[in-house]
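As structure tokens, here come the structures.
In the two complexes that follow, subunit A is the common piece, with subunit B as its partner first and subunit C second.
Moving on to the complex of A and B:
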């Protein structure tokens, strides 16, 4: 029983935390549990979750992508600018491809120029933002009156907003990929021990290109959803998205050192942040306290997770 | 050593340590006298590391006690142990490569003057500590500029600067050349002469017999025997370690098939020139040489880890252009790297996943991995190599060194190689597993595999190889066959300039 509890805590601590925070919030403010509000929370969570799911792959492989915020803005601008010419579906596809291409460039810089991912994507963080500014001339792109793009953020299936469906769909897809396919296994091998993976015949460069292309594509989706919510795209959108994305991955339980990945964890990590943000809103906490609170809560959650001595069974024993 | 003149410095009584599901230490007694080198030997998993970690304050015992000068002591953390005068020099150094030698020696207790670090004093004291070890290193140099052997000496100097009375050396010679090993053994002896108690943990019995006054053998977490070195010999100790006799000596007679690998005029960067040789099926060709002789580089070049500048490589009559490991594997070359932790095992993955990582393409159904096939394939190799694990889904990092090595070997075999490149195939492996791996390699070549073996342990080469190429400064200095292969003949060639 003790072992089971510890194991359970190790795998599902984030679920326990999400439920606890949910419980507390529902006591503090009755509005929290309203169906509309819950949908709202999940939609906001999905926005970060989608790029977080891609980021999970990068982190599992022992890498980072710091350029996702810029990529999100860039893809949003590309897609919005194309809508009048090629229509909404093709524009969305173009946006995703643009994100994937940015990701592929990241990958190529890492493998061909041998620049560490951290530095490579930090460079692209600025370059891509700059490219988006040049592309848009620094102006807003709006699609007022042309609400077709709302498909990415409006209601879609059984009254469930598209972002939630997308996040769940991508989580299932990437989760399957990591645990069941050769590509996924290679990602974990890379993150676990790069030289060993290389010596085992893992095509390391191709795997890196694949990972970063996927991260770029998920960043693009997140960016376009964000743009579609306000029907505006501009080059300054989604600043700080890279840090939120990394945060939800780590909160979800994927180790920064690489070698393992949990997509469900990332979804829950995103949900936790969104719940806390929403709760603080409902409780009328001024906006500038919110960031601080989220940061402190995140550090707290991580500290509990990291502390070696902490085990659920000891906690229970003390209370008994 | 006159045992009566040396009082007991450290005493371990009925020490027990439980981990979930494992009794790592079971009522172990041990004592260390001042002025002695006391060797602690045993296979991996025998409990040595657990005991050292308790002495170092890293782990706490489940029961039992540790007495220093007759007083029971309890350590809550490594700093406690250091203050009590126990310094442990682990295999992985606790040093900071970016800092200077002196900063490393005085880390966390830098001498200060007026609140600032007193550099002059720190460098002077460091110099003194290093001098005690008879080494002349400028303490202001960054640690990263030193060789591994020198870094190890810095660790010892740090222990001395802490006024350590008990120094524990954990596998101290794992990364040292033969010459450096002798030097270290001298230092261990001279520390003992100054009244320090030295606990010397090693797999290498040759060293143990050279340096130790007494030897303690542990097996499966229990104390097996303690006796003075004079009363013991290698066979007795090995028998106590593994509980059974071990095969020594030369390689068995082998019959060779046709030539599978031909290397002609191979040159690698600045380290290898004009190397040519042939390898037959069923043969083990040893590549011997001191560190930097080029033997390692030949293997790495064949596997595509180093760029070959010139030369022809022919495998089964086909010319190969190998520029990366993937290519090499596809050409049916298998490789077991010399450093398992750095380049062999995938610590976060399971035993199964470690075995199959190179052959997932073959285990595919549509575009995912077929679980049944993967399980079956991994099970085949687990059995073949007798990997001891509670389940194929266990993480490889939870296995003993010997079993991890077998998994890495299994991976290369699963890739279905014709030529196996073995670099230090039993480094960091205990004696029992070593014997098993030797027998396994024997069986593999019997069934027609060709093996290129690089090893810094001459007994290993003598035991396995039927032919040896001796390398020095990047060239083959001589070839020895069968009975000609002895430690002396290899060393004579290896040291000829």
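Moving on to the complex of A and C:
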């Protein structure tokens, strides 16, 4: 029983925290539990969660992608600029492809030029942002009146906003991929011991290309959703998204050292941050306390994880 | 015996190249870049313009001196962008209230060091990885500076004596650059001539071995983050003085620019190797590039692309060389193939 509790706490601590925070918030402000508000929270969570899910793969393989914020802005701009020419579905596809291509370039720089992922994506972080600014000339791209693009942020299926569906769908897809496919196992192998994986014949280069392409595609989706909410894309969109995405993944329980991934954790991590931000808004706490909370939360979560003495069972024993 | 001798010879021949490139490569590039700009870019050779270039290099440079310590020891500090904003804000607040410049300088530096202490203790005592700690602190410190500034209202102060530190000159040399060079000299001395410096290198090379050998790893790590905070505080003071103002929105992405400069200077992200000279040269290179692109009326947006490209180019040279070397050795010694693959 004790073992079970420990194991449970280890894998579901984030769920417990999310539930607790939810309970506290619903006591503090009755508006929190309104259906519309909950949907709103989940939509906001989905924005970061989608790119966080891709980032989970990168972190599980022992890498980071610092270029996702720039990629998101870039893809949003590409998609918006193409809408008048090729229509909405094709331009969304083009945006995703643009993101995947940026990711593939990241991967190629890492494997072919042997630049560490941190530096490669750091370089791409400025390059892609600059490219987006050049492409749009620093101006806003708006699609007023053409609400077709709202398909990415509206409520089309059962009244549930598309971002939520996308986040859940991608989580299931990537979760299945990590646990059930060879590609997924290879990702984890890269993260737990790169030389060993290489020696046992894992095609490391191809795996890295795959990972970063997926990260790029998810970043592109996040960027396009963000743009579609206001029907405006610009190259300054999603600054700082890379660090928020990493924060969400880490909060969710994926180890920075690599070798392990939890998609549900990432979803819950995003949900937790969105809930707290929403709660602070409802409680009329000034908006600038939100960043502070995110930081404290992250450090708190990691501190609990790191302190070996903290186990749920010891907590229970003390009470008994 | 013969084999080892031979391999030693080839190894040292390669090493010379490596060491030369690593130590002086970036400095050579800066020199060549400077000369090229001097002769080919109109108006670059104007003394005022060149002084401006070295002035610009200082604002990233001072923080890069501190970051070099962190990266040599195998970690880095993502919180310095936020620390910069907070330090600059508090420094300006103090100088606006008291008119005392030493007090303002002290405030900026102590703020940076305080953030460093928190970083260091979280990393060494609570055992949170440095990446997460400093990422968390990035959010926390930024939040703090928004709270202190009551929602992001920038603070202004333009007393002559204060703005001299960022905009003035001493003996014809821009003040910030003088301070930058002083910082770099101090950093170089600490790194190469003190036991603390040797500890920094040994932790970066192999922190377990360092611990076994009796290096006070935790204490040194804490001090490294304090040093990072100290130099960030100096940067903050100079930037606040340069701009006459500071707000919590100061310099987003500053931390990544500084890390990029240090890494471009030849310091290995994995730790254990690096130099202060490289960091100084890299900051100069970025300043030259920005200036030349401005003079050529390049698109402001293109400048970002260029900065990223230079970083990637500089850092891929080593990888490409390594690949060429492997290919060559494969051709000479077919047996080396299995080794180079592994």
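The rule we apply is simple: the second predicted complex is superposed on the first by the 320 of 320 C-alpha atoms of A that agree within 3 Å, B and C clash if a C-alpha of one lies under 4 Å from a C-alpha of the other, contacts with A are read in each partner's own complex, and residues count from 1 in each chain.
Rule of thumb we're sticking to: contacts are C-beta pairs under 8 Å (C-beta built on N, C-alpha and C of every residue); 3 or more make two chains touch, one makes a residue touch a chain.
Fair warning: this is a prediction, and the values are worked out from it, not measured in the lab.
Colleague: Once the two structures are overlaid on subunit A, check if subunit B and subunit C clash or fit side by side.
Modeller: clash
Colleague: Thinking of the overlay built on chain A, is A:203 touched by subunit B (first), by subunit C (second), by both, or by neither?
Modeller: After superposing on A, A:203 lies in contact with subunit B but is clear of subunit C.
Colleague: Going by the contact rule set out at the top, does A:157 touch subunit B (first), subunit C (second), both, or neither?
Modeller: neither
Colleague: Quick check on the superposed pair: does A:291 touch subunit B, subunit C, both, or neither? Answer first, second, both or neither.
Modeller: Touch partner of A:291: subunit C, not subunit B.
Colleague: Counting residues of subunit A touched by each partner, does subunit B or subunit C come out ahead?
Modeller: When the residues of subunit A touched by each partner are counted, C comes out ahead.
Colleague: Which partner does A:192 reach: the first (subunit B), the second (subunit C), both, or neither?
Modeller: A:192 sits against subunit B, while subunit C stays out of touch.
Colleague: Would you find which stretch of subunit C runs into subunit B in the superposed arrangement, from 21-29, 201-209 or 255-263?
Modeller: 201-209
Colleague: Would you mind listing the overlap between the subunit B footprint and the subunit C footprint on subunit A?
Modeller: Shared contact residues on subunit A: 195, 198-199.
Colleague: Quick check on the complex: what are the subunit C residues that touch subunit A?
Modeller: Where subunit C meets subunit A, its residues are 78, 122, 126-129, 131-133, 135-144, 146-147, 151-152, 248, 252-253, 256, 259-260, 263, 269-270, 299-309, 311-312, 315-316, 318-320, 322-323, 342.
Colleague: Which residues of subunit A touch subunit C in their complex?
Modeller: Against subunit C, subunit A makes touches at 66, 109, 113-116, 118-120, 122-127, 129-131, 133-134, 137-138, 195, 198-199, 235, 239-240, 243, 246-247, 250, 256, 286, 288-296, 298-299, 302-303, 306-307.
Colleague: With touch defined as at the start, can you tell me which subunit A residues reach subunit B in the complex?
Modeller: Those residues of subunit A that touch subunit B are 3, 176, 180-182, 185-186, 188-189, 191-193, 195-203, 258-260.
Colleague: Taking the touch rule as given, give the residues of subunit B at its contact with subunit A in the complex, in rising order.
Modeller: So the residues of subunit B touching subunit A come out as 20, 303, 305, 324-326, 329-330, 335, 337, 342-349, 353, 357-358, 360-361, 364, 367-369, 411, 415.
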